[in-house]
Every structure is written in C-alpha cells, then in structure tokens.
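Residue numbering begins at 1 within each chain, and the chains themselves are lettered A, B, C and D in the order written.
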Amino acid sequence: MAIVVSDRPSGRLTEAWRFCVGTGRFELALRRDYQDSLALIQRDIGFRHIRGHGLLSDGVGIYQPYEYRGARQVRYGFGYVDQVVDAYLELGIRPFLELGFMPSALASGDQTVFWWQGNVTPPRSFAEWAELVRATVGHLVDRYGLDEVRTWPIEVWNEPNLKEFWRDADPEAYHHLYEVTAHAVKEVDAALQVGGPAISPGSDEWLVRFAEFVTDRSVPVDFVSRHAYTSGPAQHVPFGVHQTLQPAGHLLEQFAQPRQALAGSALAGLPVHITEFNSSYRPDNPIHDTAFHAAYLAPVLAHGGDLVDSFSYWTFSDMFEEVGVPTSLFHGGFGLLTHRQVKKPTYHLYAFLARMGDEILARGDDHLVTRDAGGRVSVLAWAPVDVTQPYPSPASGGAHRVQLSIPVGTAQTTSAAMVRSTVNEEAGNAWTAWAELGRPRSPRPAQLDTLRELAEPVRGHRSLPIVGGRVELDLTLSRHEVSLVEITAVADETPPWWDESRLLGHER
Amino acid sequence: MAIVVSDRPSGRLTEAWRFCVGTGRFELALRRDYQDSLALIQRDIGFRHIRGHGLLSDGVGIYQPYEYRGARQVRYGFGYVDQVVDAYLELGIRPFLELGFMPSALASGDQTVFWWQGNVTPPRSFAEWAELVRATVGHLVDRYGLDEVRTWPIEVWNEPNLKEFWRDADPEAYHHLYEVTAHAVKEVDAALQVGGPAISPGSDEWLVRFAEFVTDRSVPVDFVSRHAYTSGPAQHVPFGVHQTLQPAGHLLEQFAQPRQALAGSALAGLPVHITEFNSSYRPDNPIHDTAFHAAYLAPVLAHGGDLVDSFSYWTFSDMFEEVGVPTSLFHGGFGLLTHRQVKKPTYHLYAFLARMGDEILARGDDHLVTRDAGGRVSVLAWAPVDVTQPYPSPASGGAHRVQLSIPVGTAQTTSAAMVRSTVNEEAGNAWTAWAELGRPRSPRPAQLDTLRELAEPVRGHRSLPIVGGRVELDLTLSRHEVSLVEITAVADETPPWWDESRLLGHER
Amino acid sequence: MAIVVSDRPSGRLTEAWRFCVGTGRFELALRRDYQDSLALIQRDIGFRHIRGHGLLSDGVGIYQPYEYRGARQVRYGFGYVDQVVDAYLELGIRPFLELGFMPSALASGDQTVFWWQGNVTPPRSFAEWAELVRATVGHLVDRYGLDEVRTWPIEVWNEPNLKEFWRDADPEAYHHLYEVTAHAVKEVDAALQVGGPAISPGSDEWLVRFAEFVTDRSVPVDFVSRHAYTSGPAQHVPFGVHQTLQPAGHLLEQFAQPRQALAGSALAGLPVHITEFNSSYRPDNPIHDTAFHAAYLAPVLAHGGDLVDSFSYWTFSDMFEEVGVPTSLFHGGFGLLTHRQVKKPTYHLYAFLARMGDEILARGDDHLVTRDAGGRVSVLAWAPVDVTQPYPSPASGGAHRVQLSIPVGTAQTTSAAMVRSTVNEEAGNAWTAWAELGRPRSPRPAQLDTLRELAEPVRGHRSLPIVGGRVELDLTLSRHEVSLVEITAVADETPPWWDESRLLGHER
Amino acid sequence: MAIVVSDRPSGRLTEAWRFCVGTGRFELALRRDYQDSLALIQRDIGFRHIRGHGLLSDGVGIYQPYEYRGARQVRYGFGYVDQVVDAYLELGIRPFLELGFMPSALASGDQTVFWWQGNVTPPRSFAEWAELVRATVGHLVDRYGLDEVRTWPIEVWNEPNLKEFWRDADPEAYHHLYEVTAHAVKEVDAALQVGGPAISPGSDEWLVRFAEFVTDRSVPVDFVSRHAYTSGPAQHVPFGVHQTLQPAGHLLEQFAQPRQALAGSALAGLPVHITEFNSSYRPDNPIHDTAFHAAYLAPVLAHGGDLVDSFSYWTFSDMFEEVGVPTSLFHGGFGLLTHRQVKKPTYHLYAFLARMGDEILARGDDHLVTRDAGGRVSVLAWAPVDVTQPYPSPASGGAHRVQLSIPVGTAQTTSAAMVRSTVNEEAGNAWTAWAELGRPRSPRPAQLDTLRELAEPVRGHRSLPIVGGRVELDLTLSRHEVSLVEITAVADETPPWWDESRLLGHER
C-alpha cells in the first residue's frame, strides 16, 4: 500500500545537516588535494562552516616566542592561517573555530595526542594563552571584518572529558581554560560567539557541570557543543579496525541529549551544535567506505535537524593523519571523499540531500519527501540496515520496497519527468569497484579514472503520468541502497506535428 | 554458444575512424560554445583533423578588394583564420582544409547555397583565385611552419557534382578549378597534399573522369575524396524531416567505391578520404539524436578502416546553421553534441571506440574485441538495428545476446575487473530524457544540467573469474544498445588479514 | 603652486561612467574571443549593463515564420539569446536591451545597414511586431525572473533620426513604432523600463517632439536616450578614415542637452542615458587606438556623471564588423580591447577609474582626486590635449605638471605608500609598440604576447612622508599621459631590530 | 666605446642553468600554494628537474613497520609520493631524487635536523634500508615506466660531510651507505643513474676520497655532486640573519672544483651536478629578496654552464620551514617566489634567461648576448655589484653603462623593434614596495595584489635603426639593475597610405 503524501508541508528541512562539516588538522587545508576536494564538496553539497583541530598547534606557526634585548617576546605568525581562511572563504565555507591545541612553547607538559603530536596540556601561563586568543581572534577580525567573524562560532578546546585530549580529563582545569578563553574572545568583541564544552559521548554529566560553572561565574557562553558516535570497542587488524555499531537511532538520542540535560538551566535556550558525529570514531574502519554507511546515516540526516542546530559530519575528506599517513587509498577513513577525490556512497547521501527542497511533505523510516520553491518534489529513499547481523542474500529477500503517492503539478499538467539517482552495493560504489580491482594501495592514474567514473550514482529517468494531481511511485531498493528521486511536472512543448511512429526503429 | 576469441590479433584498428571529423562553416569555430564542445570531444575522442565549408566565404573576411590611387587591389585579412587555427591547434586538432566557397567579390555569379549564402559560382578571374589560394596557403605556412601544414590535406571545393554546390554541376569547370588550385598549392610547397573531387554519393562516374583528367594533364593529386550517406528523400515537417535509410552496410559499400573505381588507374595507390559521412544528409532529421543512430553506425566504425584512410563524421556539433538558426535544442542536427554540450548516443559510440586498443582480437556483426599494449581487453557490443521496420517491443524479444570467451591475463591472474558502459533507449540518452521533460526548445539551466547528467552512459562493474586464461562474457543488450566492456586482469593487493565477513552488513 | 585638496568631499563619483558599455551586434557575443575580452573587462572595470544592435535581426534567429496545415505561423527561437544572456550574467553584466533591427521576414522593405545587413524598415505588421516584442521580453522574464529583467532598460530602436538606420528617418513612423513597442513591453509587466528615442547628435528637435508625442498620447516612457560624438566628416583612406574632432567638452555639452531640452516638459524628471558616446563614430579611425584618446576622454569620464545617469562607451571591443571583417589587428576600432585582448590606452583610463573611491575630494581640468571607504586616496591626472594642432615636441615643452597637496592618514601615520600607474606614448601603449613591430596585420603568437606585455601600464612606487596630515604630490606628465596615483597611509610593522645599513649593497 | 658583437656564435648556452631547481622538503609539494608557485615558475622559466630533502622521512609515510602474526613486517605507503610526482610531471618537471633522510622507525639514533626533524642517523639495518630503496625506486619504475625514471638522477643523502646532516659526518659510514644504496638502485635497473656525495662547500677532500672508494670497490656511480654557497658566518637578529658574501666568482670556482679534483681519476668523465647553490645558505637572510641578489647572480647564470652539467638554485619558493614557519611574507627565504607568488628580482633573472636564445654571440662581466633560431637577439645586462661596501648613491655615479653594437636582421631590414624589461631597486621590486607598505607580515589581499603588480619588470620599447646590419645599443643601468633587451628585425607591413601627420596630436 502506497503512503499518501500530503500536499501540505509538515515542516521544514533546516540547514542543520549542512551547517558544519569536520576536517583533519588545520594545516592540511594548505594542501591542493584538500582544496580540490573541498571545492567538489562545496559544488555538490555546500556546507556552511568547517571545523577541525590544531589551529594553535605548532604546524600552523602562530605562536613564536623569541628573545630580544634580553626579554622574552612573542611574535604571532598568521601567514598560514590567512592562507587557509582565504581559501575557505573563496570556496564559500566559513570557519567554525576550535581553539586548541597548545603551542608546545606555551604548554605546561609534553603530553601529545595523535601521530602529528598535538600538545594537550594546559598553558604554562593563562595570561599568555589569553593574549594568544585575543591576538588570533583580533587578527581575524582585522582581516575579515567584524560582520564576517561574528558568524563564526568559536569553540574552546576538544573533548576535554577524555584523557587523550586534555591532561587528566580534568574538568576544573577545563572550566578555568574556558573562562579565560571566553573572556579573551569577548574582549575582542562582545558579539563574537563562544561556546563549549565539545565533549565526546559517555560523559553526559560534564554538560550539567559546565552549565553550573558558567552560570555561577557569569562566564559568557553562546552555544553548547558535544559529539556523537555509535561504535563499540576497536578490534585491531594491521592498519585498521572493526567495530560493532549501535543502531543509527542512537545518534539521534545523543543529538537530543544536550537539550534534555539543559532543560530548565540557564543554558536551556542556547543553540546546540553536534560538532562531530559519525558511526565509528576511528579513521581506519572500513565501514566508512561502504554503501551500508550511507543507508545507515540516511535517517540521521533526515531527522537530525529536529533536535539540534547542527550536526557536523566528521570529516569531509580522508586527508586526516591522526593515526599516521594512510598506506592505502581506501583505508576506512572518515572522508566523504578519499584522497584524490573518489566519492564514497555517503558523499552522495549528502549530495542528494543538497538537491532536496526545504518543505517536508513526508518523512518515515525509509523515506523523506520534500518540495522546493519551484514545485519540484524530491524523494530520498533508503533500504534500512540492520547492524546486528549480516545482510540476507538478495534471493532471500534483500530488496526493499517504497511506495508513495505524491502530489505534483497543477490541474493542467498531465505528466511528470522523474530522474532517479542510485547508490548501492554496485551503483555509485567505488569501494566495491576498488575491491574488484584488487584493492590497489596507490592506484595508477587509469585506475583512479575508473574509480571516479564508477563512483558516480547510476541515473535513470522515466515519464510518469499525473492523475488527479498525483504520481504513483513504486521503488524497489536493493541492498544498502539510497536513491534520490526528483519529480517535476512537465510543461509540454512538443509540436503538433511530432509523430513518434515516423521515427526509424520506434517502439511498436 | 559463446564465440571463442583468439589470443592472436587478426588485425589492427587503424585511426581511419578518427582521422577527421566534420564541422559547420569555418567562422562558427570562433564561438565559445563551439570551442567548449570541441574541447570535450578532443578530451573524450581525440580526432586528428577537422573539415568544414566556408574558409574562403565572406564571413571569414580573407578576400578584401579595394581601390588605391585608381587601381584595384586585394588585401587579405587572416585575423579570423588565425584565431580559428590557433584554437584548433591548442585543442590538439588540425585543419583538413577545404578550399571554398567563392568570395562574392571574386564570384562570377550570385548563386548561393545555405541560409548563410555561400557563393557557389566559379571565380571571375582564375588568376585572382590562384593568387588567393597561394596567399592563404602561404600565410598558413608562414605562421604554422611547413612541417605542420604539410600534414593538413587540402581539398578542392565541395560536392561539385551537385548543382546546389557548383554552378550547373559542371565537371569541366570543376576540373579547371582543380587544376588551377592544385598548381597554386604546389607553388607554395611541392610537398603539400592536395586532392578532390569531394563528390557526394550517386555520381560515381565523376571519380573516373577526374582520374582521367588529372592523369592526362599531369595535374598534382595526393588523395581522392568522396562522401557517403544512406538516406532517402526528405519528408518535410516544420523545422524537420523524416527519411528512410538504407542498411548501414551501404555506407561501407560507398567507402569501398573509390578504390574499386580507381583500380588500375594512375590514382590507384592514393589515400582515400571519405570527407563526409552520416546516415541522413539533413541537419534536421531527428534520427541523429537517437540511440538507434549509435547502434546503426557501430558496425561502420568497426569495419570502415579496412576500406579507406579516413571517414569523417559529419559533424561534431549541432552548431551548423545551413538551414538556419535552430529553434530547439534537439532538432535532428548532425552533432555528436547539441549546442551547450549535451552528449548524444553517437558521441558515446565514438568515445567508446577511443578507449579501445589497437589490436583486433575479434570482429563480427554485433561486436568488436580489441586489446591494448597494457593487456586490457575492450569489447564494443551493439544490438543490430533493422531500418525497414519498427522495433519489436522488448516483450516480444527486443533483447540481443552476445556471448564471448575472451583471453585475458596471465597464468598467475585469477580474476578480472570488468567495467561496462551502456547507452540505449534509457541509458546515456539525453534525447529520450528531453522528450520526457516536454521537449523544451531552450531548456533552462537546471534542465540543461539534468540533460547533461542523463547523457552519461550508465556504468556497471563486476569481478569475473579467469579460468584457463579466459573470462566468459555473456551480455544482454536492450533495444538500440551499444555497450563498451573493459576487462583488466587483476594484480591482487588484498592483505592476508582482510576478512569480508567482519564487515557490518556483509552479504551472507 | 600646489592645489590644496580639501579633506571634505565635494561630491560623489556616481556609477554613470560604468552603468553601461556598448558592444558589436548581438550574436558576436557567442564568440569566445568576445567572452574572453568581456571577462577581462569585467575583472578590471566592471560595467553594469551592455547594449548593442541586432537582437531581433536574422542572425540571432528569434523570428522564424513557417507554414503548417496551410496557415502561417511564427516560431520563436531563443537558443542564441539565452546563450548570450546566460554568458552576460555569468560575467556579472546585464543587458541594456535595444529592440531592433527588423527580422527580414517581418520587414516592409529590404533596406539594410552595415556589412552584416540589419534591416531598417518598419514592420509589415505592427501586430506581429508587438507579438514579437511580447514573446521576446516575456521569454526573458520567464527564464531570468521579473526582479532581474526589471533592472534591464529597454530601448526602442537605434538612431531613427538617420536615414541609414530608419527608412526615411521618418519621425511619425518611429513614434508609432515606439508606441506599439512600449505598450507591448508593459503588457508583459508594467514595471519594466522602456525608453527612447536613441537619437544621434545633430537632431536635437527629435527629443522635444518625442516628449510631446508620448505626453499627448500617454505612451509609457521610463527614460530618454541619445548619443554623443565629436568627429567631423570622414576623410577616407583604404580600410580607414581620418577625422577632425571637437574638443572633449563638446561631449559634455551633448550629455547635458536632454535635460536642458526637456526642462519643463513632462519628461523632465526621467533618467537620461547616453546610450552611445565616443570621439569618432567610425569603427576605422586610428584615433581610438592611441594614448591621445585616453587623455582626450579623461575629463569626460571625470565630469560626465554630473550630467546624466549613464554614458556608454561605444564599444568595449574591436569585435564589431559594421564595415566588414577587419584586415588588421589595429584598425581604428572602437574597442577598449583589440581582438585577442590587447589593451588600448582608453582601457586603462576605465580601469584606473574603477580603482578610484566614490568620494570626490577635488576635480579640475587635469585631475580628479577621490577617496574610498578605507581611506585610500586616488588621483587620476592627465595631460590635456589640443585637438586643433599637432603636439609640440617634448623639447619645446611637452611635459605637463600637476601639483597637489593631499590629505591622507591620521595623526599617527607618518608615511604613505604611493603607487603610480602610467599610460602615455610609450607606457601601456600597445599601439605604438605595434607600429615599431612593423604594424603586423595578424601578429604571430609571440608578437601578441609582446603586445600584451607592453600594453600594461608602467608602474612605479615610492614612499611619501606625511607631514601635517598631508602628502605633497608633484607629477610630471608626458605627452598624452594619463596616470593613476594611489596613496595609502602606512601602518608600519618594521621590527625594532631592522637596520637597513646591514644589508649588502645598501644605499649610502 | 661600444663592444662590437660578432655575428658568429662563440658557443652555446647550455641547459645547465635550468636543469634543476631546489625545493623545500618533499611533502610541502602537496600544498596548493607550492603547486601554484611551481606552475608559474614552469610557465616563465621551465626547469627540467626538482630536488629536495625528505623523501624517506616520516611525513611522506613510505616506511611503515607493523606486526602481523607475531612477525615484524614493513608496508610501504606510496600515496603521497605518487601525488607529488604526478603533480610534478603534470607541471612538466621531473624529480632529481635525493634518498634521505632516515625513517625514524629504521633509524639507529634520534638525532634530527631542522624544525621538521629529519632523522640523520644511519639505518639500524642496512638490509632493510636496501629493501626500502629497492621498493621505492621499483614502485616509481612500475608507475612511471623505465624510460621515464632513467632520466631522473638519484642522489644518495645530503651533505654527509656536515654533522648536522649525517651523524658525526662520518665518511666511512657514508661510503657504506652509498655502496648499499647504489647497488639497491642498480638492482631495480642497471641503467638508472645514481650518484653522490652531495657535499657542502669546505670539504673538498671528500670528493677525492669518494672517488677512491667507489673505484676501489667498483661501486656504481653515474654522476658526482656538490653544493656551492658564498656566505660568511650568520649574525643573528630575531627571525633573521645578516652575513657577508664573497664575490659571485667564488661560486664559479666552487662549480669548477669537482672537475679539477677528479681530473685523472676514474670519475673524471662523469657529469657534475651542483645540486644546491645560492649566495647565503640561510633561509632567513634578506639578501635573497633584493635586486642586489639578481645582479649578484647574473654572471653566475651566464657563465656557470661552462663548468658543470647543472647548478640548481636553492630554492624555487619560500615554502621551506627548515627554521620553522615564517612569521612574515618577506623573511629572507631562498625562494624565487614568496608564499602566495610574489616574484622576487632573482625570479626575473631566471625568467629573462629563459627568453634568451641558445647561440652565445658575446659574454662579458656585465652582459650576455644570445640569438635564437628565429634571429631574435637577446641581451642580458647587469650592473656589477660590489659585496665589500655599500652602494654609492646615484648622484656619485651609481649608473652603469653598457654599449653594444649588435648584428641583427638582413640586408633588407632597416629597423628593429626593441623591448627592454628591467628589474632594479624600484622596477620589478616587490621587496622595496613591501618596505614602503610598512613591511606587513601577512599582507591583506589588496596588498598582495599591489605587490604582485609591482613585482613585474618595467617594460619599455623603441624602434632602432639597422645600419649596416647592426643596431647600436647604449644602455644605462641603475643600481643593482638587471635588464633583458630583446631585439627583432622588423618586416614592415605599413601600408603606403599611412601618414602619421594626419593623426590628431601627432608629434611635430
């Protein structure tokens, strides 16, 4: 039985799904492959902000102490920062600043995180830290203007609730850092947006304590942030891991948590940003490369905007390097794109959403129906996944059916043009194609070309009759499929003299 | 039963199929849409030469008489010529010069051909004509160098056997023109290549007489040329025609005719160029836009190179204007591309051929199998068309099957990666998609984007086992389908620890 | 004695000087060289609108009558129009529509103008003309939206006061055409802007009669338009003319004429557009290529905006063809650019103006001083020209001096950086360089590269002390020079340890 | 008195000057700014090879040991290598491979060099090192083909004679490394070119001992290499140094040393590559940014090719990071270009040389005269610098004069076109312009635009009479000037009717 989609919108598809996207560490943005990848992403998806680690780490070169005439001085080097932000703005994307990690010359210890050694200890001098924050934010305001920088959320540190990211995961030390930092930001301009505490899943109590702290001490806070992941413990193989996953609904539960936790508090009305989310938090889990992953996340993208102001996919590209330089093109990286711009299925999930309208006509466990200002109706349909068991073979019922009766066109229109774009285990699936090619670690140019071609969704098209202002859609989805169906009522310009039967080879 | 393809090449796929392509009149090459289209063509197909009418017509501005101090003088204006040839060479394509039509200021009459009014009368002064030829060819040699221009065939006039193209279709007048012109060319440089008579189908006797003429009078001739078309009389509708077609084999018969006719003559050993060919000779016959057309021409491309040195598809783009400015994006133009770069199925036939190797392993009525220097095997397969009746509906047997046993890989390789690219009534078929959109005459930008997306071949991929050094290919082709199948033996880099069953959602 | 420039703006530099620019006939915009040239122009100058002839002429292919079932019908072909307007909008420029000339199939006679044969006779049927106007404007509104098209002025015909452009220069016939056209435009949308009468100089009475006519019959009119030129009779040489010129002030007088003529009339408050202006009205007068021309027009650009809403330089490029295809790169064309993008001195005059601020600080016979929002002061200085006699040789006093005391910076700033960009008989003068190269008619690629290099302004730079909030500027201009001087107060970041004298080769 | 330049070439300008250029560490080549800079360099200069450190260092990710089933294994990651080499080849430049430094997981110690911490200790296992070399070179051969890689010189390590670059500067340890490495390279293919010892100045004895070692043990060696610098000890200021310099002739002496030292040895006939040269060896010496530097190096470029097969400017770009991330756009970096593509005077010295012909007509202390195949004569002239004292002010004689009588053209040609491109303290000097702007550390976009404009050479042009087959050139060079003068005989196409005196404003 087809679901009868109402002509009346039930809600709006907010921009939460594309408000922000994650990136590998700041200076990776200097790379050409990175910028080429981001250009593609922006053309097809169009994220609004981008957030990653390491703005203040040594590789960016901001904090440079020196001696002159016997006194210690600091010179700030903003050349790389400017190069990156100039590139971002050219590409139509804005920073979502994360202030961290610690410049080693300002650090109180030598604990580091990641292959690239981000220092995760508090500053030796909070006064110098405050000066560094003021100098950096102030420089950005000078160069890009106050109107611009006021639109960039500024988040203090990353996952201080984890020992790997903040020495001893010490909440008091974080609260002090937050307080000093928030004031330093506001000294540059009171209308800049600052927030935190950027916690990882599993430390829900941090949020409540953070709220108490900032309320008690009247510390400025413009938004709250946390992360969301659904993976279990890492089972290691060389250069990779496998992990169990919780159902995708757990992501939505994590999204909902801050609003629930802060209800009634002074922070209750603030914007909530999920500044990182993904299935697995590991940059070497092959699940990220699969069609399964797109189908797994489809309901999250369809529903997440009801719960938060943004949820930022971690990360847009496989260019990352937290566990080292990858040894293989596909290696389970977070990216929507591999190095060198091979699109993964989850890329298309995002690109599909970017082609949808903002009026929600219907939404369910396997579909989202929207309409845009021009009357085009878009259907995102997906085959729900089961994370608890292997997938049944198609012969035993792998196909999934979605039937919808969709309002389209006007009284005058009698047919609609339908375009269907499909990603599944074969279609738009460079990862399975790469497996068939023998999993080449550094594919040759001709293989890269093949992978890029096979990474494109398969597209089909048909004419559908409009009867009673509706078209009947009956979609069969294969294993792990995500399809976008675009339906447009047709204004027929066929001339009266056109006679298909006069065409050679016409269909009888 | 599968055809067993030999491992030993049976021949070479020569470059005859891409030695030359046709174009609308010379100055259309000044247009951006033209150059964008040609850039795409060159990237995907890579023709070697390009030939069209009108080099000497008024729009190019070469021949400009004036008076000075009471005497008639001629100034040659080569600005547009240089602009076009510079662009051609940048795009990796060379002129196949056609000397014509007549500058109106040099013409002996005012008969014109086409909407754009090419003058088709002999020169008032053969001496001035010879001077014009010498000046033009000499200028090209000065600018581009003798080594370069010696590679450009130079053809004298176009279809002088038709009254529309040469006043009274007078053979003696043409022979005189040819003689004067050939000598003028050789005066610039004896190693330049000159030829003719560029006749249309249906005047086979012209070739013999031309051979006699040049032999009798020792006129230089470096190649002979003719055209080939298979369409019947035009049945007009507004802004278009329908026509019957002869089977595609008639094209091959026309290709073969010059060698047969000239056997035993002094011209027997010369290169033969089919300087125009197509199904219909009309630029407003919708057949050019269809998948039927690609399937119809597939055997011609597969076999034509055995018969001639080149056969030049007339024309690469719909930018043409011989019957006026088109009123609709699709209008039955000759082009492999429409205006604004929407690819037609025949574009892909050429692009498929451009990806094949040059060793022919097998060739038949519905397939061509080649291998390239790297060992990749390519199969071009097509569903044969019947020009005499409408196509049976798929239910009654529209599908066509091609089974091939193909040698690939070495003793060590156990699997092959197969990529299939398909064009048929739905796949890679912007024309049927345009029909579904209501045949918009000047599509909006979003419609153009849709058409360009749907104009791409549908691509699939699979792993095939190599058994005994062979893969078994069993292709089912739908109505009017042309498919390219590329098969590569795989060097497997899968690490020993890879276990597909540990992947979530893996297939049981 | 230096002129002391006030710190208080005396007025604003309006956008009149770049509101519109002229172009060769409509379909030339399909060319790549045209679009490349316009892209350069838009990057360096940034015109807002573009106006040319021939939108409705045969080459654009809009009006296409045909017979079907015994009845005459018209099909409108908008493919080329859309291609051009799409390109314009991509390049950041909008049409200033000129409705004309007559499609030959709708014309009442066969009188044509120009080498490209624009038909200048009234329509056979005013009803069909009205339908053509509605269809064309309506199509543009459909494709580009009402908000967009309402910003495009729509002018009716071109120079109907000349017999060459309108049969018999018949004012009544023009008034009728205007009335029918204006109503047709307003039937599409009442807020579209329509105007006329687009007259050439020397028929001032037309404007008054036009005002009476539209007032008497309540015909819609949103702006009035005329042209301005200062050249005397053409003295012909082959492929060119020489002409005397009136002083540039005569252009300003012509600009002022419509407001004067219409004062007190019902049209008194309407916008006035000079829809064409130049020195010579001939596209083959070498004066257009010279530094003289830039210096001649400098005061017109500096002062014209006080008099009218726009004055449109005729034309941006030498791509033109009204008197045929040019036989030489430099040929006295109107263009700011030659074919293939060699910049002429007048190009730089415009590019200089585009870098100026919009606050006018001072203005005189040889200078314009402006300031922008960031505090940068720009000086345009020119050597006044004398049109009545040859230029004295430099030895006898060719140099011209401009001395200005200019307010810049704040109390804290002590130095200003000055950049001077110069065009004169040698600097930024591709035309004199081309003469030195032997006036090659179709320069070779290496010569084009040389010309493009030598076409760039010569740039110098200096540090100027700020004393009492002022810098003293003392400019010596050579023959026919135009210079742009940009002055910025400096925020000095030189570190305390910098010691110039430690640099090898430092100046003693 | 003018020097009379002979019409007979005295020698050829070999490609030694552009055979190779230096670069910052390998993975910097992943950056967009790097590739944009290199693209510019290749367009204007066209180096053949590029050499830098760090191919085998951790940041490139080649050497990745891991455990599997209890055993230590190594996986080679070539993704970044391929990305860089793909980019190089696209840009028309080939690697000059330097094998080093040591992957930390293979190192026998933890001594590092540079801010980016290249490990400079011998391998823990020479067998694993040999395997690493074979794997790396073998991979490159697989991907790029043997014909290609055979053209890439392969150098073993960098400056082993310095303790900073090789533990204890131990020659025996280096010889062992060289032997193992050279054999490993030759095992991949015997025709690959391997060489060393890549020593810095001041250790001339190393070369002799290296020759003895390889001769005694029959170790393969295809070329010898050393470096050349002329700077004295570093006098530090914050973020910079000053140094004295020896006269430029000392560079030529260093170039000559290997041939002299190896005369009579078994290595006497081998190619000699100066794989690094510059004035100062410090990446923070402002001398690199100056016009002085271009004038200082001009004679080295003019003469160096007589002495060696290549001399490689160290380095093409300021992107470098050996002493950290620069804090200022201009910071005394080695680059021909700053970050973000501001050209330094030395860039133009190279670009000038790239426009010269390969026949040497004359050469002296302040000039080089060449002719190309087309007859164009080019003069590189420079004002000799004195490194021992400050430059006299122009008033006391700063100008330098070069007078040359130059053969050009044929008996028929009567005039030559001369184009002069100039770089000096003002012209083409972004560094002095940057000083005037207040030395902004991270210039704003508008300042970068200004710097890029002012970094272009100033160009002038004149017509010179040819008398007796010669033009007389009398050049006055200002302080630290380098000028390129290009002289072409003119084929005059001026029409007979051209009369300059009819032009308005013509010069009397």
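One rule holds for everything that comes next: contacts are C-beta pairs under 8 Å (C-beta built on N, C-alpha and C of every residue); 3 or more make two chains touch, one makes a residue touch a chain.
Quick caveat: nothing in here was measured; it's all calculated off a predicted structure.
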Contact steps required, at the very least, to link chain A with chain C come to 1
Across the interface between the identical copies chain C and chain D, with over half of residue numbers shared counting as same and under half as different, the residues used are same
Taking each chain's centre as the mean of its CA atoms, chain C sits from chain D at a distance in Å of 46
Between the Cα centroids of chain A and chain D the separation in whole angstrom comes to 43
Touching at least 2 other chains, the residues of chain B are 68, 238-239, 441, 497
Within the complex, chain A is touched by chain D residues 30-35, 59-61, 64, 66-68, 73, 75-83, 86-87, 139, 143, 238-239, 324-329, 339-340, 441-442, 444-445
So, in the complex, the side of chain A touching chain B is made of residues 235, 237-239, 242, 244-245, 286-287, 290, 292, 385-387, 390-393, 415, 417-419, 425-427, 432-433, 435-441, 450, 453-454, 456, 458-463, 479-480, 488, 490-495, 497-498, 501-508
Seen from chain C, its contact residues with chain A in the complex are 68, 496-497
